[in-house]
């Protein structure tokens, strides 16, 4: 009864009324979808924000470095042109510290005084003298990095309340340091060394130059190999290969390569590049080759998906005016697929930039105090450098690790910037 | 029944055979779309394909320049020769074939490029222009022939996809004639055109006929009667009747043909 | 020297391009109709010269060192190598090389100095020879190409054939890599299965590779049942995907349809940063931020949560994977023709309905690509789990427990104390191989399913 | 082939920081190409090191335990016959906790064993470790859960811990003692897998950070890490002894081990600067008391053995495994 | 000049005004495509838009259900009201508007779904069918009304994109009528159809007119004369003349209208 009457009334409703009746619900659904979407993005961005914020909060301190200004008399007795580059530079530095604190005596005391200056100070001085021999015999004022514990002290990372024996700096040293600060000899300029120095055991000297150059070379190699080969393979598979067992096999293969753990690529590189071809361990060239093996499946899969999305009518149009299949692909399909390809490239290279595991196996986690010049020189990469620093006991590396990650992210953003610009240019709806 | 222009009869002189199809069968998967079609298309002649929607006109047309190659599920049997050469022969380069046999598609499909580039594309890849000036000339002439020059001359670098439906259709015609094919296949080229534009395109067809062979699919009997010298009537995948236009429209042999042109079957 | 050779090759090839192009143009200006554009004639010359000579250059560079070394070693005075092991021979070679580079320690034997001088000469003449060979060959090839220029010559076919060949080579590279991986895994895997039975490995539920590394090391018997390890991998993969797929898809949908343009232009690259954050950093994030938070939360509601939860590792991995899904899906959705959007909107669909019922299905092939990549990454991701997942294998699907994954085991077994004659290290290879096979099977099925689904749509 | 002009060093992650310091000092002072130092773990280093002689193989490997017979055999097999062993000092394995933990921890080795072993003797029977709280082992200990982060089975540190703490602690139990030391080695070496012992990977800093987050957790790592983090961490005394440079040097602290590096003598005079590098490593400024290595937590050798080591290192005395 | 059916005059009684446009301007970027158009479209009436290709017919049509919203560069000024309500008002939900004002596009755009799902799409999202059986009924009826049922009834789950051009067009008509809109905008719905199919669609239009309002763009004067009661003639973006179809075709006021329908301007 009721059923019948119900259906009667609803049958009496016009379509417009039915639409209107359902509309509130549908609008709600849309709002929900929109809300979900926004919260999904919000979540993802929030996570990134938390990551970056936590990095910044620990890392920002590494962007400055405490320096000590000292007046040095380059005593010709200690330093002579003949004995360069060796010579008593540390003694000269000690002497100038002693001039400020004349009442310090005894070997141990003097050592604990000079430990305010970084171990690199003597080499900085030496390099100046080597560059200009005439400095010998003069008194010069130089600004040298303070050693890590004092850098920490200046930045307030050392709690002066902790019992003395638990601190790396004792009360006497703090007193000296404060005295220096009062004389205005302590400054905290921007830490360019973080980018211009190579790695070092001493946090105050350690920099990312080697890792930056290493990552640059590795990624360049990776890009030069993975991008053309990936696109070539994808075009072949998507546009030219006949659908048969062989192409299926290749397809499955490529998808499978994407799932191969990155360590296994490291193993492969170890066996092939280092073993067979006898390439150098730790070389960015090898790193780049290894990373390109990892990146290639990503680019291939992305490219294929993008090619697939180009509507067939465009292909027909081009074929119809007598373009060859390669011309169709290179003139029409590829440009339209470019946004997708670039997305794959961006993500693939981003991954390659952040990848650690395979580099560990080919020795790109080495400690090297000079930056590489060529892709065949031994080097580290940014993620392995981060890995090494994160594992270093010295306190100064805690903030430097975060800073290094931030530098890597900046590197990543710059690198992606170009690709994203291109992608936006290529993107259009048709 | 239809006004067949009187000057036409005189045109129906025996021309060389340009395209000849023997026992052509086309299957889309299991759907048998073209059944046993034999047909000879003459040079310097306009041939019209008519028939109800879905009877296989487009399909057969697309066989003539191997456009069906790009549809995975499509399978073709039988022989089609152009100038005596089997176009499905392995040695035939479909690219060259398509340069020779141009096509205007049923649904206008401009490239997502500028209007200029749309037209210039064919001449560029075929090296028809020596330099930019040459190319400009070709583009302008093609657009004029397709009766769209006036409308687009100020926006040649605007996107081809930003045109109205009829403009897109004419752009595609311009694109096809720009490469000067020997045979031009036109799949309902005037479906989105107003009467004036239609008559301009018909003029173009008539002009092309002086040198080339034109095949046109149309739903308008008037149009078929106006422009074509030969007419082929398709029905349910069969080529029911093929002959001089005048004869088909005035005195069809097959009863189905008659029913169709008098508007009784669809 | 080799870089000069390369530059020479490049220069000559480009010259060949120009030469051929001009020749073709001349033919054309002579009134003949060319089969192929003059650009193709030029490009043909370039490819014909560059590709083979470049390959030769590569091979030469790889071989020159060993050949010179061999010539030096075989040219040493009789008896100087007698009774020496290969290592010692290598060392002598190294010493000679060092001397030839100008570093001399003490007073080396005169025959070594002589050999060093010979090495310098050989290397120099090798480089000069290479330069000559490259120059002559390249020139011959471009002359050959030049002679082929004619109106009928199908230069486009030539070029396309070469390009095709190159593309096929690119595609088959994937096969070579696979073969390489299988080869580099299979030998050790075989040895592993000689020591541990296949059934124990496949069906054992206990993974404890604590056995002694060397005969003289102190440790205990090990167990090699991989089930808990693969189970752990699967658990973590599901957790990661359960986070990444919905978040990624929702983000893509929002970005593609609802977000204003400026927002999309900004948010998409920002999300992509997530893919590039070093996995080590995610590892730290998981351990130091996420895991304690989960543990605290769990304990506050009375749950037993281990310090290394699968949830933390998988969740953080999911964050990393978000851009895989979001960016790929966004691109795929953008690629759907406007006319389909119009079609749906014209029928009165809300934008949400258009998205979910028309665009989304039409974009499925592209989206699946992204999801497949994410799945693959989730299985293969190493560093996050190495740091954040446990090392101890437990047979559990409880996300609050600690699990280990195949990749974790591979890394810990390989990095560190390794020796290749005991099942402990070898098991890493077996795990790698099994993972390879499992993903292969997954992929075969994935392709089948995707195909079926796609057939329904286009 | 271009000759290698930098020294290559692999080996133990424990020795790594010391080698790094020497390498840096060395290249700064002499201006020589910077040596390339990789941390591969002791065993991994041995494998690469023993791969052969020649440019493709490293010159030095660090080790947090002596080279084993099996490894030496591998070396010999590959033609690496002439090796010099250099002991650079000692390292203690510390068990550390956060300073925010109130209790003064002092454990015996047996208690360590009882807390962390897979199987323990209960009533004359080896059973799966039933203990989850410290006070179940010794009522004097606080009532907190056992939770220790330790090195993975692949590291030399784990080897050392098992040998020096677990097996030793195990053998002190009368029941085990009666079974003989072979039996003990076989049965006492397994760490428990049911939760209280967490294998934490190779990254010791991570363990430090986790200890700071959880006051009741213990961490097992090299003394140098404790040394750098003394302001937040404190050591657990073992058998009443606190780890310190002195107690480690004298051997009073029971869990301490020597650190070594091994030089390939065939490479001396071939690889540039190798000899000078070794000289720098064993110099007084480096490994002597108050040397820059001791500032990083290395426990220097006593004077007499040190002099012997220095001479042996410079002269390239050949080493043969026992 | 054209045969205007006699029964038509009687139909031109004053109906309610369904849509009313005031001073509508449309710009594509800087291109001023619709200029100052005023127009009132009556309920239960078929209105034909005619005019040369590119004159703005489709553009104006798309304004009526806000389809131009989805073109970024398109800007609209002026008022359009449907049933007295301003459709560009912020409070108006374009979804409801489009459900009420259905559309058949100039280029057939079937979804890449099965034929059945194509037609069922609208009813599904609007909840017009209670159950599967209901839906089946709606789908069949719509396909029948669009004169394509016979051709596709055996392949309802075949893809909509695998149809011939004319079949796709009819499928899109079926899809549009399935949601029973109050106003149906049809942009050249018969351009790809043969005469029989065309007359079937014209019948459908006539049937729809009993209850709804239909706007049809066409290039065929004959068709306009046959099916419409009101005709609007557009030229270069202007609405030149609007009035009873009979009047426009027999006695146009504007000289441009006359030129167009007599085939002198395009």
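The first chain written gets the first letter, and so on, giving A, B, C, D and E; residue counts start at 1 in each chain.
To be clear about the criterion, contacts are C-beta pairs under 8 Å (C-beta built on N, C-alpha and C of every residue); 3 or more make two chains touch, one makes a residue touch a chain.
This one's a predicted model, so the numbers in the text were calculated from it and none came from an experiment.
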Mutual neighbours - chains that touch chain D and chain E alike: A, C
Chain nearest the global centroid, as defined over all protein CA atoms shown: C
Maximum inter-chain contact count - chain pair: A-C
Chain separated most widely from chain C, comparing mean CA positions: E
Farthest chain (mean CA position) relative to chain B: D
Averaged-CA centre spacing for the pair chain C and chain B, given as whole angstrom: 49
Averaged-CA centre spacing for the pair chain D and chain A, given as whole angstrom: 31
Whole-Å gap separating chain C and chain E, where each centre is the average of the chain's CA atoms: 55
Where chain D touches two or more other chains at once, by residue number: 4, 56, 202-203, 206
Numbers and ranges of chain B residues touching at least 2 other chains: 107, 125-126
Residues of chain C engaged with two or more neighbouring chains: 65, 284, 337-338, 348, 350, 353, 386, 415
Chains touching one another, given as label pairs in label order: A-B, A-C, A-D, A-E, B-C, B-E, C-D, C-E
Sites on chain B touched by chain C in the complex: 93, 125-127, 130
Chain D-touching residues of chain A, taken from the complex the two chains share: 85-86, 108, 111, 119-120, 123, 158-159, 162, 165-168, 198, 200-202, 278, 280-282, 363, 365-370, 378, 388, 390-395, 398
Residue ranges of chain D touching chain A (in the complex, touch as defined): 4, 6, 8, 13, 16-17, 19-21, 23-25, 27-29, 31, 33-34, 36-39, 56, 202-206, 224-225, 227-231, 290, 292, 296-297
Touch list for chain C against partner chain B, complex: 28-29, 34, 36-38, 157
Chain A - residues contacting chain E, complex: 7, 10, 14-16, 18-23, 26-27
